């Protein structure tokens, strides 16, 4: 019997501070046993439980893409007990990861379609994974137009800045970066909130266009009417939820929205599915 | 106690009709014996569900914390004192409340009654003459109410409400400290040697499953985040380690010191029958002896562990 | 089915024999009430009991259980690498006197712990190594409603052996291979013939003593969101609830847990503890947002889970076997029978329902 609670041991290979306020760091992990990397085979949109022995376990979206080999990456916001401890850890330290867990963005459905990715704040992690995945030379031709709308409070709060710039320079991806406000005269991207930029730059919600939306509740709340206006039907709006989790495998009972478990049946749901469940997220 | 129930209904209906309150908090008949349910009535039909007898044990002060409505509320001696504590601690305003005072004759102990019954109790009759009749499938038994009172009720010296707007019955005769010794049990424990004390508390807590029902039933435990639930820093572990179980009980008792009115809701709610009053009663005794203090007797003074007095009996504080 | 006659004079001897291969658990009286506890050498189960106050679920699913262990000593090889504790043993154990309703809770809980994608090894191993010697119930409590909750006082479908108390002897139905093995180990082999009619009569007598019931026929048909939004059900019930969690802790079919890490000396432990949907902490996010932040939301989760989500998800009845413990122990008398009947009779058009306890 496979024990779903045992984490794979990993070593912290690299830690990168992402934002100017130092509240977000990206951790790159390498598996201690190379065969575990095989077993940890994932799709963009899934998450894992990061396990720190003696401290606890937390669910975190996988920020690296399945097309990137030899490591896995997570970007973590410092907030409570486990995340604070993690932020104090050093390269070389040993910990564990357990997963991959949950479902993923519906890549089969998205093939041959236009994809617009809308992200805000630090909920951009699995979206990074998705972008890298779609831009992989093997995969790019599977998708039609790709739009990315990503916003943060200020330029210093944007994640993955180097990558953002390199995506903006490409011609096979429409990149719309925005910040709430900015007094830097050199700033070449948008200023304004994500919903507004979506309204201006977002493609029309045709039959073969899907939106993936990830961000703080307030952003989601105001983006939804915009997508409505652009013509996106509920089944073509895809969202990823966060609920408090422990087991990640549908057993401990806390993350449910109605009869669905966010950890096992989600975290990815269409808006259509969400409208049929209690709003307990 | 038919007349109690009738009077309560009459007063409640009047208060709602005259629009003096938005709701009246009382009890309705439970679906199982010995268990009435805290219940709020907002109209005349709902008031008709009200009941009062010796199975109304859960403290109603629990249900007014931070509420904004105008509330009518039944209050026995201990309940009225908890309401007073709430007022002092700013958890409700006196002006919001219309207190229907209930001179109390004590609540029966469901553990004791169950232990006396020859099988499951299907009904309980409170004769209002000092006796209780319990009936089951193959038995019927009448017992002296005094013998089956909850322990806190049998040693209670504040049976009449201390604050109220109107009484639902005539005041009852108070028991005097000379007749009943409220601290007899505490004294027994105090007389034990340290080893025996340790063994006593160990045994007392051995069945605790740390469900925290005792805390949740307590009107004093209104903290939005209890120290046992805090994760950063995490003061107490969450499995059933004995040290953690003790830490919970010791600290909770101290948080209630000088505020606890010995209403017994904690003991009544414990699913495994632990007498957590062994802790709280000791602290009540200490507060009386050291500070001449009893909780909730007025709506102005803050509890002793919350205030500083130059004549404090402890040296270290001066 | 094979039925064996066990003379009560031979009962103790049989128990001594099975003690050699099984560790034994049975009802014992503690202070006021019965609990299921390990039977020490020579200790006999007290079979004169109605049911244990708290459900025996902890035999298979302990309240606090170490699931992983590691060294916190940098010199050692498993430093900060969690493994299953090697000293975890799953010795054959036999539970004597478990009631049919509690045995019937096991398949209900198993649907959660044994799924196509994941299997909980701790629950399953404990379950597999446990032999259940049940005791049919001739004098059910007034608050039991097992017969309308998919169980019954003589329900033997989830037992290995079912004992029927027959004055100077027990009749023992041997139901499974595990049961056969235990009976053999005990040396109980005196076949009872021609008693099928008598057992059937005893069964129907016992069933007729169950006075209360729940109506569940309509639950699956009720639209989920209508029930969820039925404030006429939830508001009054939630008022009295003090969120103490007693109902879920004593319930044989509640399975929720928390996972915590603790360090003792130079060892790290990952421990799972029972948890309850009644506690605000259960769902609290680090951002302080709480999707079930109100008492009403938490109370609703408990009943919606047991009586609607579970019903829809597994299409196998309700997540309750009618043992009546939560009814007896809720300090403010929140009665699942009443809520179940309200949910079953709820009419979304008029937002009304019938609040009956029968």
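Letters A, B and C mark the chains as written, and numbering starts fresh at 1 in each.
Throughout what follows, contacts are C-beta pairs under 8 Å (C-beta built on N, C-alpha and C of every residue); 3 or more make two chains touch, one makes a residue touch a chain.
As the structure is a computational prediction, the values presented were derived from the model and not from experiment.
Enquirer: Quick one: which chain's Cα centre is the longest way from chain A's?
Expert: The chain farthest from chain A, judged by C-alpha centres, is B.
Enquirer: Per the definition at the top, count C-beta pairs in contact and tell me whether A-B or A-C has more.
Expert: Taking the two pairs in turn, the one with more contacts turns out to be A-C.
Enquirer: As a quick test, compute the distance in whole Å between the mean CA positions of chain B and chain C.
Expert: Roughly 31 Å, centre to centre.
Enquirer: Just the number, please: Cα centre separation of chain A and chain B in whole Å.
Expert: Taking the average C-alpha coordinate of chain A and of chain B, the gap between them is 50 Å.
Enquirer: Just give me the whole-number Å value for how far the CA centre of chain A lies from that of chain C.
Expert: Centre-to-centre distance between chain A and chain C: 39 Å.
Enquirer: Using the touch definition from the top, which residues of chain A touch two or more other chains?
Expert: As it turns out, chain A has residues touching two or more other chains at 80.
Enquirer: So which stretches of chain C touch two or more other chains?
Expert: 258, 260, 262
Enquirer: Give every residue of chain B touching chain A within the complex, in rising order.
Expert: So the residues of chain B touching chain A come out as 231-232, 234.
Enquirer: Residue numbers of chain C touching chain B in their complex, please.
Expert: Residues 30-33, 50, 53-54, 63-64, 139, 141-143, 236, 239-240, 242-246, 249-250, 258, 260, 262, 271, 273, 276, 279, 281, 327-335, 337-338, 357.
Enquirer: Write out the stretch or stretches of chain A touching chain C in their complex.
Expert: Of all residues in chain A, those touching chain C are 1-7, 9, 32, 51-57, 79-80, 83, 94-96, 217, 242-244, 246-247, 249-259, 264, 276-281.
Enquirer: Spell out the part of chain C that touches chain A in their complex, as residue ranges.
Expert: Residues 67-68, 70, 72, 79-84, 112-113, 115, 117-121, 124-125, 224-225, 228, 255-263, 268, 270, 272, 275, 277, 282-287, 289, 291-292, 297, 301, 304-305, 308-310, 312-313 of chain C touch chain A in their complex.
Enquirer: Which bits of chain B are touching chain C when the two form their complex?
Expert: Against chain C, the touching part of chain B is residues 30-32, 35-40, 58, 62-63, 111, 114-115, 119-120, 122, 137, 207, 209, 211-213, 216-217, 229, 237-241, 265, 268-269, 271-273.
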